[in-house]
Amino acid sequence: MKSTVKAALAAAVSLCAVTAAQAETIKMAFIDPLSGAMASSGEPAYQSFILAAEHINANGGVNGDMIEVVGYDNKVSPKESLVQLQKAIDSGARYILQGNGSSVAAAIIDAVNKHNQRNPGEEVLFFNYAAVTPEFTNEACSFWHFRFDAHTDMKMNGITDWIAARDDIKKVYLIGQDYVHGEAVAHAAETQLAAKRPDIEIVGNELHPLAKVKDFTPYVQKIISSGADAVITGNWGQDMTLLVKASADAGQQIPYLTFYGGSNGAVAALGDGAVDTLYQVSELAANMEGVSPEQNALVEEYKARFPDYDYYYHRAFVALNMFDAAAEKAGSNDPIDVAYALEGLSIEDGYGTATMRAEDHQIQQPLYITTVAHDMTYPVDNTDLGWRLVEGGTISAEAAMEPSTCEMQRPE
Amino acid sequence: MTASLELTDLHKSFGPAKIIQGVNLSVARGERHAIIGPNGAGKSTLFNLISGRFMPSSGEVRLNGALISGKKPFEINRMGLSRSFQVSNIFTNMTVRENVRCGVLHSMGYGYSFWRNIGNLREVSEKTAHILNEVGLLEKGNTPAALLPYADQRTLEIAITIAGGAEVILLDEPTAGMSHSETDRAVALIEKASKGKTLLIVEHDMGVVFNLADRISVLVYGEIIATGTPEQIRGDARVREAYLGEEAEDAA
Amino acid sequence: METLVFALLNGVIYGLLLFMLSSGLTLIFSMMGVLNFAHASFYMLGAYLAFTIMEGTSFWIALFLAPVLVGLVGMVVERYGLRRVHAQGHVAELLFTFGLAYLIDEVVKIFWGRTAVNYRVPELLDFPLFTLYGAQYPAYRIFILFVAAFMLVALWYLLKKTRAGLIIQAALTHPHMVGSLGHNVPLIFMSVFGVGCALAGLAGVIGGNYFVTDPAMAVQMGPIVFVVVVVGGLGSLEGAFVAAMLIGLLQTSAISINASLADIFGFLGLGPHTEVGEITIASMAPMLPFLLLVLILMIRPRGLMGEREV
Amino acid sequence: MTDMTATYAALEPTRAEKFRQRTVPLILFAVVLLVIPLFNPSRSMVTLLNHMGITIVFALSYNMLLGRAGLLSFGHAVYMGLGGYFAVHVMNWVAEGSGFWGAVPIFSMPAFGFGAGALAGAIIGWPSCRRSGTPFAMISLGVAELVAAAGFMFDSLFGGEMGISADRMGGPEFAGLSLGPVDEVYWFIAFWTFIGVLGTYAFTRTPLGKLSEATRDNPERVEFVGYNPQRVRYLVFIFAGAFAGMAGGMSAVQDEIFTPESLSLIPSGAILIATYVGGIRYFTGPIMGAIVMTYMGSNLSDYTVGWLLYLGLMFVGVVMFLPNGIAGIVYGTADTLRAGRLGEVWQSWLLRLAGLALIATSVITIVEVAFRWSEGYGEVFEPFGLHLGTDNPLTWALGVLPLVLGVVMVMKAAKGESK
């Protein structure tokens, strides 16, 4: 297996060298944290985009042109992102890739809208690969923004569908960070559970301050006392890891359904405590059956190239593949043409069909509920633990779908 | 006529240590009054009580009849009492001119003003120049205070004290550490500067004290054991016994 | 009842960890006047070193070796860094440690990566000790209790019963006196800084696997340590202990209170659906220490049991 | 008497001196601001310049506290943030355009920020300024934590995580500037930066400004010349908050968004570093610091992932060896040149420069190799065609030898100079 990857890589590199000479480059600016503490989420995504671009380039590029992904370090600050955005645009980038932090995404959407309005003929598209605030494809939707990740309500659909099918779950506890995202998650969980399983009791709805709690044991105690059968949380970073760790320490054995359980380092930090406790909803399930060998080869190639990280940002590959398909369909690499071609476009993807919905520029794709288990083909965090698809964990694109209130304003 | 400065049954203790034990003192307007006493008698503490640095444990301090004990130092200063310090207490990062100017500002009515250019305040400049001239530091006006020789720093200390034009001036050992000629100059300056004002001075140099003071009080262990003209004090047996005798011998 | 018991149990453990972390800073701050911003970074260093030592040998060796190493690093920092800056005053010293915290963060990321490392509780202690109200109580927490108690006793013995301790104690309350008594002040400063850092390192060894060992752990703990030291009072280890316990209990018990501001101040006309009224005590729990910090500094600047003002 | 006034007058700077020392630098600064657009900077350069302008005003306001009043604050971003938030809200009211707000030009936003910053300073400063020194620093830290937490709690005021955005193109135009393109925003920023520099400089010339320095040096003596040091600090604090708020208003127009993290400890720490690195003893120090740190903060990351480490090393280096910061070097060099002492010192200067270059060589080698090793992609640091892997003995040689040699040279230079 390894040798084939190497051969493919060598071929790709040589092909790049040949074609790059005549072709123009399509500059894509990756604006996300590449230094400091948050780089652990920016860096693997950056590498994913680079690898995805290499694959596309190796296959002849986009309409013969080569993609170049350039990293711009925004230090997760919205203001710094605007400086980097201007630098990117000045250097000729017409496609912006970003995902870490809804605050940054909101700032970029706003800035891109204003830029495109103030500088006609120099339009810029924003491919959002991870900022999940529903507004971006609802009331705040923009023609220039495309989201390649399911938003909060869609992911919650995945979680609540799975819970709805589990008759043994009668009581659910909601816990989240005390800010927009945490509130949105709690609200979505409440309304969806009420609709899908009115008999389920929400035994707790707790918001704790963002990134300030060091010991989650008291919260876990409250969860235990409530008799909950499952916990839903939108927590990320330390707030997620510490919460699940405190639960494991208390010997609690109920599912913690998370959005960000798969983020870098979480499994390493939790160890065996994560097994059958930490659940996540995402667009990939690396260890499920029936995945194409090409996709598995990609997962292996990623690990070989970037040993510190795991194949997690599948949507980076989806985003660039869709871009490639749209540009080929439009026969142009111009952002406006690409944007129109992206609307309604479908591609066959490693884990199912992905469609870019025209009305709100929100990707529609199957979601998977996975949990941590031993002896997986593709373990993560350099441990022996990996993500296993749980029973009933496949959520079809239709089931995950959410209506949109977007009133898209299209140019001309 | 009310006394310029009047202390009534003043007490101060730090925990169990009673430093000032019932001091009564009245200083008339225009009087030059010296306080002498052995080390640790509480002279500096007394100054700190009068100037508001410390709060008295009990008793009263009155300035021109108005109660000032319990007030903050800056309030007392605004009521017309200014003091100097035993250890030079100047603004070391500023020039001599700026030091004196800080002392002048408030009395000229420029409280916390932030809408005026300090360089354009003519009266302030004139007053500053006047004070600098009076103390003989005019030539050194642009020298950073930290670079002044010791005696000049002491002079500057006095200059800042008198700059605000206070009617009652407290000087805490103004000539400490000075040479003979420097002391003579300082005494001359003090005489000139305290003309028409009330002066309360703590001093170790008996020559200075007997030269300068109209009246003298002797403070021993927190109590005033005698008050009188220099002649009376010189002749007072208790004073001789408690304090002056040894000092006089030392001086001789 | 059960919330109360758990709040107490966890509050005490958290408080003890806080005390282990802050006792070193209290020593350093009281004696040298240096409010060491990098103190939590030494805590982090302790955890990471313990992780590496544990990989090669065992947890028990790490428990002793890691704090010693952290202490040595601290001594080097004092000798070649702080001492040089000392002449420029406390602000410069504070800024030096502020920059040092940046540097330690970056260096840790170079050596151990940007994400959490797999620093585990040793097998020997990895079992539930008892079950209380349906929740297991891990044995490791009791171990933390023992280590903290041991440290407390050792520190007490060192300070009250040894000659070195007497000098340090004198220096805690009257830092200017030590030099005039003819002691080698630079050496004392270096040792105290080293010991203070070692104590933080020990807290790191213990806390790193209780919480998570990752590059954010220093930033997370940093400000709260100041709160403990300032609230406890200058020169007072007892004060630091009381403050650490107070904050530990305050935070853990406030979390269990679901009441919102509207419930409490409803009689003033605060509606339950207003933005202020919706805030619950639980969600404010982590803010309470900072509120305490500001209040203490304003009302009682020498802290709970301090000998003199900050 | 006339003799005395004459002598005193001689002490004061003459008209020509005042003009040369105070007016000329301001004119030069204005000229620089006017001339920059002639070089046709790219839009990203203009964006960077605009941020520099904002940071200059912010840093100057911070130095009113740290340098002039001796107050170390860990929460100065609170005032810039609150000023900026207020300006963003005003911009949205302007966009709605009804009544009074319809007539307000966006150009005037920094004035609104100034007011809001002053108000915030007046409210928060009341309890904080009763203490100085370390207690003040700790109070500012606690207040910053509390305000930052509140920023995430009150969505209607702070817009939650995503903050509040606005459009700078609303409202009546001022001076023919639509403020749409970034080069038009440049004129807006240039104008207000000049006002900020002028304002903070003028403040140092007022009685209150002088008193704040006096209070820094000797708060006790200030009390005995009739001033309440708490009051002095409080008033300075309000002004510092006001100018920080003004910078916030500038930022609101430039970036058209404010988010709660602009209230947090991170920007507060950044402005502390920028000001200190620039040099807190000089009025122009914070300006230099703001320019250098803004540039490095935005562009150093283009060249190396280790930029934070370099920044940290630089800061620690400045604290340890250059307490007067960049301005200290600039003025020190200028003084030496003016005094015609170049002949005496050029050898030790040269030695020191060479030593520093050697130290830099080693530090860069170590940092770059370490970061590449740490990432584990198998990338190798290859400066000037050298292949510096971890297994290459040349790497170790470059990491150690120049460092040792450089330190020796710098120490020798220092010895030579002190002689």
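In this document, chain identifiers A, B, C and D correspond to the written order of the chains, with residue numbering beginning at 1 in each.
Keep this in mind: a contact is a pair of C-beta atoms (placed from the backbone, for glycine too) under 8 Å apart; a residue touches a chain by one contact, two chains touch by 3 or more.
Since we're looking at a predicted model, the values are computed, not measured.
Q: From the centre of subunit D, which chain's CA centre is farthest?
A: Looking at centroid distances, B is the chain farthest away.
Q: Using Cα averages as centroids, what's the distance between subunit A and subunit D in whole Å?
A: 37
Q: Using mean CA coordinates as chain centres, what's the gap between subunit B and subunit D in Å?
A: Computed value for the inter-centroid distance: 44 Å.
Q: Distance from the CA centroid of subunit A to that of subunit B, rounded to the nearest Å?
A: Subunit A and subunit B have C-alpha centres separated by 75 Å.
Q: Which positions in subunit C are in touch with at least two other chains?
A: 113, 283, 286-287
Q: Would you give the residues of subunit D that are in contact with at least 2 other chains, written as numbers and ranges?
A: Residues 149, 153, 155, 306, 308.
Q: Send over the residues of subunit B in touch with two or more other chains.
A: If we look for residues of subunit B contacting two or more partner chains, we find none.
Q: Would you please name all pairs of chains that touch?
A: Touch list across chains, by label: A-C, A-D, B-D, C-D.
Q: State the interface residues of subunit B toward subunit D in the complex, per the touch definition above.
A: Residues of subunit B touching subunit D: 51, 72-74, 77-78, 82-83, 85, 89-94, 97-98, 101-103, 105-107, 110, 112-119, 121, 125-126, 128-130, 132-133, 138-139, 141-142, 160-161, 163-164.
Q: Can you tell me which positions in subunit A touch subunit D when the two form their complex?
A: Subunit A reaches subunit D through residues 34-36, 39, 72-73, 75, 77-80, 82-84, 86-87, 89-91, 101-103, 106-107, 110-111, 114, 118, 133, 178-181, 209-210, 212, 305-308.
Q: Can you list the residues on subunit A that touch subunit C in the complex?
A: 37, 39-40, 43, 178, 206-209, 211-215, 217-222, 224-225, 237-238, 241-242, 245, 249-252, 264-266, 268-269, 271, 308, 381, 383
Q: Tell me, which parts of subunit D touch subunit C in their complex?
A: Residue positions touching the partner: 70, 72, 127, 130-131, 133-135, 137-139, 141-143, 145-146, 149, 153-156, 265, 269, 272-273, 276, 306, 308-309, 311-313, 315-316, 319-320, 323, 370-371, 373-374.
Q: State the interface residues of subunit D toward subunit B in the complex, per the touch definition above.
A: For subunit D paired with subunit B, touching residues are 4-5, 7-8, 11-12, 18, 202-203, 205-211, 213-214, 216-218, 220-228, 231-232, 235, 239.
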